[in-house]
Structure formats: C-alpha cells, structure tokens
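Chains: A, B and C, in written order; residue numbering restarts at 1 for each.
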C-alpha cells in the first residue's frame, strides 16, 4: 500500500504539468521576438501562429475525437471572407464581423456535422473534402461579393479606436490568441467533454453504453474546430489585408491536416509544433529553389512512414524509453 | 480478497436495497427476434429478470447470448418483439439513452479506451453524472473542476473495489488482460447502473482471477445492482446465480434456479453434456 | 434542343471516361492495400506530359504513350515499395498524408523535368468534328472513350479470368487467407499500383489533346476520380466506372444548363448528397462483384 501511495504522488500531477506547459508556451511567445530581428521573420512567426490556432482546434477533431476532415480550410476561408466582406464592403466593426463569421461557421458546421459524421474513414474524408472544395469554388466564383480568383482587399482591424497595424502589434495579437486557443484545448481535453471525445476515438460502443451520446460529441468537436478555424481566418484577413480563395482550397485543408499529423495527433503542443515547423519549412526550403516542392514532398512522405505517430509523440516515446532503460 | 470485502461498492443513487419486493421484474424481454441475413440469431424469446437477482444466460457458442446482450442494451435493434426496462418499453432506444435509464454492460471482446489512462476509462463511466456541456468544460469552470475531482476519487474507489488499486495511475494500454476485464466492470459500475450486463467476465482468466471476479460480482449484487451474466465457467454460474435462462439456437431451452436448470435433460443434452 | 443535350452528353462521356479510369485506379489500389492513393492524379499527369513532350521531340506517338505508361508504372511501384508498403499499420490519416506527400514530390519532379508551361499534344486523328445526330464531336473524344472502354474491359478480364487477377481479388477479400494459400501479398500491392498507374497514364495521354498537358493537370482529375470511386462504393470496380461516367455527364450537363463556373463543384455536390442519403455509395458494398 505504501508503494502504491508513493507512485500515486509522483506520477499524477496533471494540473502541474498543464500549468507548466502553459507557462512554457507563454515564455516562448514572450521571448521569441528577441530572436526575430526583422519583419520578415516576424511575419513568418505570425503566419505560423495563425496556422497553429487552426491546428489546435483541428487536433481536437482529428487527434482526440478520431474524425478526419479534409475541408477545414473552407471554414478558415468563410471566417476570412466574412470579415473581409462585412468590414470592407459593409463597414461593420471588425469584432462584430469576426463574431458573425464565427457564428455562421458554427451554425453551418453544426448543420453539416450530424449527417456527415455518421460516415467513417475514407467516406468521411471524401465528404469533408467535398465541403471544402465547394466553399472554395463559391468564393472563387461569386466575384461580385468576393473579388473572385484575385481575392479582395480587407481593411485593418480597429477596436476601441485602436488600429492594429504592423508585424510587431500583430505578433502579440496572434501570440495571445494562440495562448488562449491552447488553454481552451488543454481545458477541454481534461474535462468530461474531452474524455467523451477521446472515448469516441477509443471505442464508440463502449462510450455509448456508459451514456455518452457519441454523435453529439463528434458534432461538438467538429463545430469547435470549425469555429477555431473561422476566428483564425477573420484575424488573418485583417493581418494580410488581402485574401484569396486559395486560402480556403483543398491544398490549404491538406496543409492543415498535415501539420496536425506531422506534429503529432492527440497532442496539443504537437499540433503547435507541426504548424510552426511546416510554416517555417517551405520558407527555409526556398534555398532549394526549384527543388523545394520535391524536398517538401519527400519530408512529408518519409516522416510519416518512419514516424506515423508524428513528431512530438515519437520524441516523447523515445524519452520515456530512455528513462526506463 | 480482504481488500475486496472491505472495499466500498458505491450504491447507485436509484438502486434499491436488497430487501426490496422480491419478485418485481426489472427487465422483461417479450417475443424478441433478431434476423441477420435471413438467419434468426434470436427467435421469439421471452423472459424476465427480477430486481436484485444475479440472472445468468447460458448456452453453447452461437446460441445468441451476445446478440441478446446487444439487443437489450440497444447496440442492435430487434427485428420483432419488445424489451421492457424499469416499467417502460425501451426497445429501439440507442445505448446511451438506456445507460441514462440505468443500464450498463461489459463486452466479451474488450472495448477499452486504449487512448486513455485506466482511471480516465472509469471516469468516462461517470459521464452521466457530470456536466457534459461544452462551455463549462472549455472554460474549466470551478464547479466542473470540483465535480471532476470527485469523479476521479470515485473512480479510484471503484478501481480499488474491483482489485485494481495498483493500476490507478497506469495507462490502459500498459495493463494485462485480466486487469482490463475488471477495468470494464469498474467503468460500467461508475455509471451507477440498476442493471449490469456482464458478457463473459471470466473468459481468458485463470482460476484465481475467476474466483476474484466471482467475488466482485457478488459484492456488486449485494449492493443492490441487478446482474445479468453470460459466462461459460459453469462453476461460477451455478455458484452465484439466482436464476438461469438456457438458450440454444436463439431459443429458450430452459429456465429456473441453478438446480432446476442443471437437472433439465434438454440442457444437459445441449450444453452441459458437452462440457466435460 | 436535343442536339444541345447530346453535345453535353458526349463531352460528359469523354471526361467521364477519364474519371472512370482514375476511379478504377483508386479502387484497384484500395482493394489491394486499403490505401486511398492521392497520387493517382499524378499518374494521369505523367502520361499526359510524357506523351506531349516526347512527341514534340520526335518520338512516334504510340511509343511516347508506351514510354509514359511504363514510366508511370515504375513510379507507381516505387511509391508502393518505399512508402505504402512500409507504413502498413499506419492510420487512415497518416496514409492519406503519405500519398499526398508522394503527389507533391511527383509534381515537384515533373516541374523540374518539364517546366510549368502548358504543353500541346496534337489530336490523334485530326480535328475535323464528326457530326453525331446534330451534335459535333471531336475525333479525339472517340479516342478517349474507345481507349477507356478497351482498358476497362481488359481490367475486367484480368480480374475475372486470369489467375493473377483472381489472386489479387482474393487478397482484397481476405488478406490473411490469401497469404496462407501462398499468394504474395506484397507483390499484389505492387501490381495494383502498377496497374492503376498504367490506367492513369494512358488516360492522361489520350485526354491531353483536349485538356492540354501541364504539371497540375492531375489534381482535379485525381480528386474527381476519388469521387467516382466513392460514388460507386470504394473497392467496387464497375461501380467506380459507373461513378466516373455519372460524374462526367452530370458535370457537363451542369456546366451547360446551370452554370459553367460551378462545373467543378458538381461532382462534389453529387457525392455529398449521395453520402448523406446513401452512405456506402450508389451501389453499396457488394463484396463479390468487385472488378
């Protein structure tokens, strides 16, 4: 009994690790600008941050609830264009447009989720891919509203008379939003809802017989991840000032899923690391010039072949192994 | 064993005490049938399970025992017939709604959440007693954190009560088979069911482990939970059952006390005769 | 009115034939390995690019097509050998990303070798339109439909009449049992990639005179092929062929009568409706009737 008590006190401080990792994230976000000396580097960090916000949400769906989506760029795009159109064309306050975008994406994803999440595996992949592609085609085609394939200009984000302008300001905005996204995700995972989501992944029938309405929780994960994407899209639109349908297309969706899986499924920090690495990588690969696509493709293929669980879980596994040895 | 005897099995909020009216039916199955591609896995089956009993379902492999469990717990929909639970018709309801009405089960082939720790598996079992809405979880409201901590303590108690004290901090994927069998029981109990269906809880266990499971079942029943048991271990079935229903080819072969069923010539011919 | 309808129908049939070949490719690989090969479109691209560039440098057309086809088969086998075969127990998502990685890689190589410009391949037998009941049809459309029909029949014969084909079917039904009776399951996977690559590459080279060849030509064709395969029920070969024709025709009719801007959306709207109302595809999962 004494031994049991001893192992229990050493091995179960989940709250501490949670606070510790949040503190580590805050420290990294706070000190990173010291290393990023020019606006080009800051810009990449900001783009990585936007991707990370989407991926943290998407990971709730893919990594935790075990449901694939190949169409989440569609929700990112709807958020971006909601802000673009409502603010720039109709003069809404940006925060109202952001919320309107998030609510519309929430409602849309809610309506779509129930029938779609009955599908499994490749069929679910097909359905979500279809949704994403349809959204991007609509954005490309409704030229009067969206500016068509060339995209549209978006006014800057103003709130309480303040205008968010420049890389330095946006770095902090994105940093804070990413921190909140990670905080929410960590909260959710370690809660009744989060356990229900993971149970859906583990065994749907076992979750059902102890009272988990599996359909409801799948829908929840889908909606939450879609809303994360929408909010990131809205902010992104104001940051870059120019949005194009490419930000909502199939490749963007694939890029997002790849970030989640590359970093490590069912790991919030894995999703962040995946997003950061795969945002920075193509920039770094520009030194390869014409070979950059080839190198990117090869990296994707071979990391997934040799580390199917993704980067962070593989590294954690190696560390745990070494500790045991 | 002493650990089991001393450990508190939590009483279900709605569970009746063992002294309640003796023959009140908690579960009724009426003319139940289920077809798979033209073959009847369960054919016109009727029986009742009295409150507080340990009621065993026996029969050779393929007799339809697991199908029956799936029909009762809503995993399958019946082709014909009805299931009554706690005074209401429940056939056709999805499993999670039946769970909310007080039914829970384990599985013949383990259905463990291998992506979680052992105690989290049991905490999923307490889902019905926790706030499952999105916003409180997302913002980690203090009331939710407090109830979650209670749920964790309750889960640890339950794990101890089924003999899993040393696995409280283990990850489910690192546990041996016998422990996972108990983990399923702890998870099912965590929902505080009125009726617990155990599908071959002793399958694959050695003699010592089987006896321990036997004790766990008795303790559960003594706490007022009605148990339906599917099991091949005849010694266990004969020792702990109040009533037994024998199935063969999806039909009822015999029903009665262990003594009556064991003496039934049809049962002996169809089932016990082949045992040893 | 009728001539117009027929016009749309014929152009739908032409592009639908390519979708059918791609869908069949998805199904063959899916049956052998349970992998959805997102690089399927790149096989089409390789066929189209090889035919266009080789003929431009003086190689006779049939030889150019054969070379493209052989190249694509080699690429397919390499993809299977070095990625899919080594990631057998990976999850669905991981496998999807591996094949997407492969397609990005292949497009990168193609851009390096062939450049980003559109390449033109001469129509096989001229461009004098044929009059079909008032509708005019490019001779190349006949080539596309004819080649697709021949390939589809050949694939059907291979799977139903030859020992190798039957062994591959057996593997898709029960991998372990196939292994036990001595079928080399790894080789089955390699052959399935080679076959799918050949289907894609030949499809790509016959359609190239209509669509032009460029390194990104395989993306949408591949995705539509996936749609065709799902529409027919994954792993169901005849279903994939039917799915491809349905998608092609619906697309042409949609473009003609509703809006040409939304042409590319038609396939995905159909597949969404089908998945929502008939979750296992139009033709369900009839285990025995796979190609």
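Operating definition for what follows: a contact is a pair of C-beta atoms (placed from the backbone, for glycine too) under 8 Å apart; a residue touches a chain by one contact, two chains touch by 3 or more.
In UniProt terms the chains read A, C = Branched-chain amino acid ABC transporter permease; B = ABC transporter ATP-binding protein.
Source: prediction; values computed, not measured.
Novice: Could you give the fewest steps needed to travel from subunit B to subunit C through chains in contact?
Specialist: Contact-graph shortest path, subunit B to subunit C, evaluates to 2.
Novice: From the centre of subunit B, which other chain's Cα mean sits the farthest off?
Specialist: Centroid comparison gives C as the farthest chain from subunit B.
Novice: Can you compute the centre-to-centre distance for subunit B and subunit C, using the mean CA position of each chain? Integer Å is fine.
Specialist: Spacing between the chain centres: roughly 50 Å.
Novice: For subunit A and subunit C, what's the span in angstrom between their mean Cα positions?
Specialist: 32
Novice: Between subunit A and subunit B, what is the gap in Å from one C-alpha centre to the other?
Specialist: The mean C-alpha positions of subunit A and subunit B differ by 40 Å.
Novice: Residue numbers in subunit B touching 2 or more other chains?
Specialist: none
Novice: Under the definition above, what is the set of subunit C residues touching subunit A in their complex?
Specialist: Touching subunit A: residues 30, 36, 82-83, 86-87, 89-94, 96-98, 100-109, 111-112, 219, 223, 226-227, 230, 234, 259, 261-262, 264-265, 268-269, 271-272, 275-276, 279-280 of subunit C.
Novice: Please name which positions on subunit A make contact with subunit B in the complex.
Specialist: 4, 7-8, 11-12, 184, 187-188, 191-196, 198-199, 201-203, 205-214, 220, 224, 266
Novice: Which subunit B residues qualify as touching subunit A in the complex?
Specialist: Against subunit A, the touching part of subunit B is residues 73-75, 94-96, 98-100, 103-105, 107, 111-116, 120, 123-125, 127-128, 130-134, 136-140, 144, 148, 151, 165-166, 168-169, 184, 187-188, 190-191.
Novice: In the complex formed with subunit C, which residues of subunit A make contact?
Specialist: Where subunit A meets subunit C, its residues are 62, 68, 70, 115-116, 118-119, 121-123, 125-127, 129-131, 133-134, 137-138, 141, 250, 254, 257-258, 261-262, 265, 290-302, 304-306, 308.
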